[in-house]
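One chain, subunit A, appears in both complexes that follow, with subunit B as partner in the first and subunit C in the second.
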Partner chain A sequence: MNKPEIYLKNVTKKYLRQPAVENISFQLKGNGVYGVLGENGSGKTTLLKLIAGLLRPSSGTVKVMHRPVSRLSSKDIAYLSDADSLYSFQSAHQLIHFWEKVAPDFSKDKAFSMVRELNLDVNMKIKNLSKGNRARLKLVIALSRQVPVLVMDEPLSGLDPLVREDILKLIVMNADVEQQLLVLSTHEVSEVEAFLDHVIFMKDGKCILEENAEVLREQKGQSLVATMREVLA
Partner chain B sequence: MWWSLYKKEWQESLFRFSLSLALLTAAYVFIYIFMERETPLVFAVSLAVVFLHIFYLFIMLLASLIKEWKENTSHLWMNLPVKGYVLLSAKLAAAFTQFLISISYAIVAADLILQRAMRMFEDSAAEGLTGIISMLVPLYRELIPWVLLAVTNGALQLGIAAMFIFIFSKVVRPFGWLAAIVLTILANYIYTWIKNIPLIERSTEWLPLLKGEEIYKKIYALYPGGADLMEVSEGIMTNVYLGQIAAELLVLTGAFFLISWLLDRKVEL
Partner chain C sequence: MGLTFDNNRPIYLQLMEYLYGQICRTDLKPGEKLPSVRELAVKVGVNPNTVSRTYMEMERKDIVVSKRGQGTFVTEDKTVIQELRQKIADDKIGDFILMMNQIGLKNEEILQLMEQKMASRKEEKE
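Entry: the complex of A and B
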């Protein structure tokens, strides 16, 4: 697998004339867990969609693995949406086999092993699964792809504490952070703080701080949660 | 890979397809009952139903794409590591298969309705009309392959137009759909103008499949004094050439790849 890299230069995305993200530049190089942190409406989802090639920047450049992003960047990027995006008429079994056939980077064995660990009923239609199980299954699909970049938009959002714990465990145990670059957005900083290698704080569509998590803790002498409160105040 | 996408599209559209077949059945049952109770002339509606299939791909493809966005499965669909033409061709192929099944069903049902209507006509018709009536079923059977060809061509054109309108609406916001409709009409106008240039027209007139004159002769033969009418209509008699069909398919393929390129490079979630 090639060394993962994400590069953004002066990226702005406007909806009509309203900027959703404004003049963002950063470069994420190498493996690790990168957290995009900020309140609701701070532009996290827009930023992640730009990285995944699912939105076009109004101006600026977005490159992943040294190439400008487009929908075709999906061969290098697994994108986990915050929305309920699975086909409800499929069962988990059908979904995994479907992905095995359409994505050459997909590991069916890894997917089935995760599904077994989670005690998910593989034959039940997705529409009949609980919200938590649908979130788990969505994550199983993203984590089963052997791609350099994993982009996860609010994987914990709207889920109860037990499911959130499960999801975090699933990410920590199955994301290949030695090889992959994982970008995840959240506003539940306290829960993910321990896993983050690098943080990007977003406010009102702007990137207000981007730093290595350890360096930031040392510099500020406080937790990321406290730093977030201070920075976003 | 393509086969899995095709199966997914088939599964996704199964309810819509079943519903359309159920509606078709209901329409034919209604026509049959109405024929028995009121007038056998209602048989003409069953022929109209065959022609209405021209809108089949337009409706089905639009419904499939709208559903993809409405139910947020577009997040997954757009992140499949597959070229746009593969994604769209799977959608098109699933809808086209269902179109063929549906129109075949409609053609057979219309044939049965027509036979029944003819029997009813024969029982009640005046002496002079019996000859005309008896020719209708064989004429229908002779012409239906050409009707199928024409409806399929129209349905494909409208299906590609539906894809373009939807995909373009996700490229240009807001009102991309409106711009796409205008562009489609404009492109159709330009295409018609180009294909009517004498040089282009002649270059596609190879391998005649159907001679318009023969069809008109058969149709006008049904009416008393049809020969006089035929002379008036000679100007609109055209032939169908394999070259024309090949040219149409080439243009549709070009449009399809343009839409696939838009999906890969320009569409936004």
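Entry: the complex of A and C
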């Protein structure tokens, strides 16, 4: 696997005339966990979709693995959507076999071993699964892809604290953070605090701070939550 | 395992202090293998890169040795561990005395208080 890299230069995205993301430039290089933090409506999802190639920027350049992103970039990127993205009529078993055909880098063994570990019933239809189990299954699919870049939009939203902890553990155990670059957005800052290598703070479509998490703690002597309160206020 | 982090300080430092504690108490014996990066990350609930950094720092200070393809091991050199224990104790006692002096206690008074406390209290583990 190549060394992961994401590069954004002067990226702006407007919905009609309303800017959602404005003039963002940064470069994420190498492996690690990157957290995109910000309030609702601050442009987190738009930013992640731009990185994943699901949206085209109104202006500016987005490059992943040294190439401008397009729909073809999906071979380098696994994207976990915020919305329900699974076919409700499939069972987990069918879903995994489906993905094995769709994504050449998909590891069926890894998916099945994760499903077994989570005690999910592979024959149950997805529409009959609980919300927590659907979220777990979605994550299993994203984590089973052997790609340099993983993009996760709100993997924790709408779940109870115990499930959230479980999901974070699943990510730590199965994402290869020594090889892969994982970008995730969330507003549960205190819960992901210990898991982030790097943070990107968003406000009103602008990136207001981008820094290594440990450096921030060292320099400011305060937690990311406190830093977030300070910079987003 | 109950390991809660103070999010105001770098996590790798706190993890290092925790492991130093284990090494000094010989819960991790000289020459013993440390848990793998991922294992420890899942156990204490942090990012594997943080654990790598902790191991790297500890290796730089010669407390642990990493062997290619095998993992990370506590040093077999007992004097290094003895020195580490001495250094942590020195630092903590230094801080403590400074603190006591700041609230106006003289050295003899500190000693007296310490003896009283020690007598009424059994040894505790971390």
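Quick notes
Everything below uses one rule, namely that the second predicted complex is superposed on the first by the 233 of 233 C-alpha atoms of A that agree within 3 Å, B and C clash if a C-alpha of one lies under 4 Å from a C-alpha of the other, contacts with A are read in each partner's own complex, and residues count from 1 in each chain.
Definition applied: contacts are C-beta pairs under 8 Å (C-beta built on N, C-alpha and C of every residue); 3 or more make two chains touch, one makes a residue touch a chain.
Being a predicted model, the structure only gives us computed values, none of them experimental.
Aligning the two structures on subunit A places subunit B and subunit C side by side, free of any clash. Of the two partner chains placed around the shared chain by superposition, neither subunit B nor subunit C is touched by A:S58.
For the three-chain arrangement built by superposition, the Cα-centre angle with subunit A at its corner and subunit B and subunit C at its ends equals 160°, in steps of 10.
In the superposition on chain A, contact of A:Q90 is made with subunit B only, not with subunit C. By the touch criterion defined above, A:S113 lies against neither subunit B nor subunit C after alignment on the C-alpha atoms of chain A. Look at A:Q146: by the touch rule set out above, it reaches neither subunit B nor subunit C. Of the two partner chains, neither subunit B nor subunit C is touched by A:S157. Between subunit B and subunit C, the minimal CA-CA distance in the chain A superposition rounds to 26 Å.
On subunit A, the patch touched by subunit B and the patch touched by subunit C do not overlap at any residue.
Listing the residues of subunit A that touch subunit C in their complex gives 31-33, 165, 168-169, 172-173, 177-178, 190, 193-197, 214, 217-218, 221-226. Only residues 15-16, 49, 52, 54-56, 70-72, 74-75, 77-79, 81, 83-90, 97-98, 101-105, 141 of subunit A touch subunit B when the two sit together in their complex. Listed in rising order, the residues of subunit C touching subunit A in the complex are 5, 7-12, 37-38, 41-42, 45-50, 52-53. The residues of subunit B lying in touch with subunit A in their complex are 1, 3-5, 8, 11-12, 14, 71-76, 78-84, 173-174, 263-269.
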